[in-house]
């Protein structure tokens, strides 16, 4: 729990339009992206957003498609809020916050169609690629949502998977010497806005999260919305909501540029 | 826990042969049966017994038979004592009471042969019908056992399942446009008797359950016993036990009539 | 927790080179082995080491080999520290102590090659024997490790499994009327040494365990080490460690003789 | 998703169940039907059928969860195994855990939690049959259960989803419209306050479409708000009658 | 069930193991064999082999389970993975949870729980080999473990199952008689009091048959009761001898 | 195991990654990289990558675990799902539970636990990429995390595994050497004290080989000990610089 003094400090600064770490209301923290940090993963990225640190790893395997989508690959997103990352996180299965985060990121990835799932089908109804995105939070200083989303996108953009071919008797054969890119269709970006009193802030740090009334997380693809999640114990007015979406759209453009820069995507 | 005042009230009334809700010792509460309340289930029934409310839903699927009964369908009974139903129920996997209830009802259904499991075999050793009976307790005012048993029976009696046929290459094909009855062989009824002091009461309400010494639950099919469960922390004499069975037999006949009336079974 | 008085008593005696139960530092307690006590198991042994009592049961079934060892049978060791065995054991899944014990015994069995896993392959890549060793602790008076290891070895040495043959269409057929020995390659023995102060004790009883600084468990096969586990909250010097290994080797020879005597192995 | 060309709007502009895009389904509401709970409601919206019950304010177990300055709100959204097409395991799925959280957060802004420090208000939602928009119907039922439990509230919460099918924005999506449509946007607000308490989007919308969808949803919430108030009033009258009969 | 025509009674009226219908299997009893427990017993009834131990009266954890007016009784019936034909997962099955409950309820009426408020008496039963009637053998073992723990009891509890095979009522059913027979009726009583503490039926019986089955079971319980008392006496003598040797 | 003839030592006496048998891999150490923790370290040993963090001494929850005479040490060794060749479920495996225990026991002898009664010192280890000897690298990282958290210690703990490949004893085994080699012997000690705190063997060794292996491991631990001290010193200097810049 945040102290009263710290709370007042945040509120007083905000009243004057400034933030505890010196940022403007709509400023992101410094972002560092390091791709390929995990040799055993097919794709990986470590993202630092200020002091928040998250790693996403992509693992792939051959699986059976779901009966209702026999010609589509499978995308699974999982997030672990590890006790290493915060004194408030406890060991055990993902809690509601970790599950919500994974599901919001999952919807963003899925609806942005970052992956062309149809191209991840090998034999319709029989064999498709299963793409696992595992998010590992290592240090939580606020806005794990956007850091995790960014790490997931960067890991997918830079992943390389073995070439799958069919043997004569229709068995799947993986050639691990050939590494192919995933079929990427676009670069989404996820932006979280916090509401504190009557102010809207981009990329809240942990202390800001603790005093925030509500959050709006929005994922954009090609300047369009593809996932939204309002979070937090208080409400947003319609005007605030619309303002959040407009700010988020602007910052998403910024994040797409950072993502492409950090992953080298689009340069080859 | 029941208050001392309420306990005395129950005991005093019982001493005079009456019950807190005005019933005679061998009277059932008012029973309401509503079948077909769940569109997504193959069969369903909501049963009110006084203020006790339980829903049973029947879902069916095609599965593999057990190795030792290759030519028989599979019946599975599960019960959830939801926290919505009582301030004493907690979220989580079924506790010993819910498990006992499900298993007693399961034995009653199985041993009454309400379903002809052999007729639920499609391809011996390969494909049989799996019949899931899920019991959902919604308000617990005593005798969930009998209300749940009755709901389960009513849901099975009124269930309609797709027609299963075999394709040329021996695959099971389900024609959902044709809805068939389950192969019903008989109508069982389950009756619980509570022992309080030297009195035996039919269909105990919650307050009576809380002061009861022991319970005897008996399921009858065609006037024969097919399942019994003595419950509770105290004992029954041999004479009390036999008296319970005789009362239960009488009430079971009554319940069979109510079941047939409430489900329309036997009328077509 | 052990009382201060008892602790002093143990320490005072040890200072004079003796132990609470009258044994010398390198004496084992009396060992009783009863094989074949479980009719439903393919092999079983009950081992008493002083007042410590453990049962191991061997069950076998046909399973699919692991992809990276398609021509080898599967050995699985599991241990349950039942609440029946000690006031400090609680119901529930195995805790870290039970898991460690099972894994140390597993490594000892595996690395001693007590079983020729290759001979437990029936159809490479398709069907192999799965050998389950389940350890059931019934009374814990110290050194469950060695008692459990001995029970596991004795159960394996005396196990008899059905004869597996292949039908014409390459299905595995089990002939339960013919009972064959498992393919045994050697007889390992596991010895635990406790360090208390500057003393090293063989086969600690429970009170000794409670005051011990550290433990060294070593498994030997043909006089060679095949598994080691240092346990406990304190350290061992290099000299102590080497001394432990030398004592353990000597006692292992003794235990092998006891095992062969108790199981009749090698006599036929 | 695989079959986006599914026809969900007929040539006459009507949806598969005959509704116009801006129409919500019939809603049946019963307040106070579960006697053990402090408050309860049953909501039937088309084939979506929900029971909600409220227990509390009551003591918190385990105690360390209690807060000195306000009540905690706990919420469990749960689906009956038979409520969906394929039997669902009764253990809570990841989806149910997320929905429990967002429903709780949709209700909390409406509750005067400060009035009940050290207590919990437990909200239980059981989906008996699911045919789309279950979280919105759950919020309606839970909001009424809270009110009927006598919990002091800033406002009732109303909820309605917006979908996009064959390019058209529609209200109150059904299961088939969710599965084969392009968008599901669950939405809840306190209509008397004009404040949004739940807002999710699963699917692609331009900012302009999102704004339009919010307008539609707000209007629908106002309509549902009236139904909620009527149901509470009916319950109140019924209760008063019962009292008068006794007196 | 699939094979009701299985011959379980031979032409000479004897069962597959040579017993007459009204005969129980040989019972071997050892009292006090698990040194850590406050009381314990081992029961071998044919090939059914059971260890039972009692810990208590002792402090309750977690404490909120303790009762101010009596001891709580906790019971865990558990099968070793190797005790049955197919290896059983050691995690408690639904069957084991139900049996733990009915065994607890079969023992509780015999215990003067009022004498030990705020405590728990924990009963642990381990099935080492299962060949039918394990819950009855468990009750015998647990009852002796309670007595040997010095827990004050109204009476010992004795138990015996009744089956129906090839139309004939039989005592003390084996695994094969349970699987291929028509009925399993586990039964326990306090023979000295004539009171029933466990009564279950799985199978079809007329009321008259049930009455007859209760008579048979009661008689068998009386027989087992004598064996229980002998085993306790033997233990007592043995203990006294040990003391005398020391003194 | 199936393929013991795998060539792990090349004709020139070098291993697959070019090392001599007595050589350890390059170690990169960063101390204090996780800001929320009281102490933390990152260790990269070849492709094995580990984060460790220490929280504490802090209050124990649940409280009944606290000890009146010393701190408890809790340790969780955990592998990221993507850290190994086949994706690993994030739920703790039996292997992770055992390793958490032996790592805790490898660290505990070095900590002055008596100084912090009623508290817990929690050690969290995350394996980000596994290429052999992860428990040894975890001990290095955790030992540095403890030191950087300011926990008073008797000594740092250093760790190194010994393997046997193609009949030759080697230091610091990689994943492929573990899988296809004959022996894995994880080992940890307090080099300044000459005391062993972790010692495991998985594979066949004569007593003489074991003695030789201990010697090799001890020497390697001394080498790693120096690296540990340098990393701590570097962190200390860095911290002082930061302070001086501010002042």
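A, B, C, D, E and F are the chain letters, set down in written order, and residue numbers restart from 1 in every chain.
Keep this in mind: a contact is a pair of C-beta atoms (placed from the backbone, for glycine too) under 8 Å apart; a residue touches a chain by one contact, two chains touch by 3 or more.
Treat the numbers as computed from the prediction; the structure is a model and nothing was measured.
Touching subunit A and subunit E at once is no chain at all. Path length between subunit C and subunit D in the touching-chain graph (shortest route): 3. Relative orientation of subunit D with respect to subunit F corresponds to a rotation of 120°, obtained by superposing CA atoms and rounded to a multiple of 5. Averaging C-alpha coordinates per chain and comparing to subunit A, the farthest chain turns out to be E.
Between the Cα centres of subunit C and subunit E there is a gap of 31 Å. With centres set at the average Cα position, the gap from subunit E to subunit F is 51 Å. For this pair, subunit B with subunit F, the centres built from the Cα atoms lie 58 Å apart. Interchain contacts close the chains into one ring where each touches exactly two others, per the touch definition above.
Beginning the circuit at subunit B and passing next to subunit E, one meets the chains round the ring in the sequence B, E, C, F, A, D. Every residue of subunit C that touches subunit E in the complex is listed here, in rising order: 37-41, 44, 51, 53, 55, 57-59, 61, 78, 80, 82-87, 91, 93, 132, 134, 136, 138-141. Only residues 34-37, 47, 49, 51-53, 55, 58, 76, 78, 80-87, 90-92, 122, 124-126, 128-131 of subunit E touch subunit C when the two sit together in their complex. Against subunit F, in their complex, subunit C makes its touches with residues 68-69, 71-72, 96-97, 99-100, 102-103, 107, 111, 216, 218, 221, 224-238, 241-242, 245-246, 249. In the complex of the two chains, the subunit F residues touching subunit C come out as 1-2, 94-95, 97-98, 100-102, 105, 108-109, 185, 189-190, 193-207, 210-211, 214, 218.
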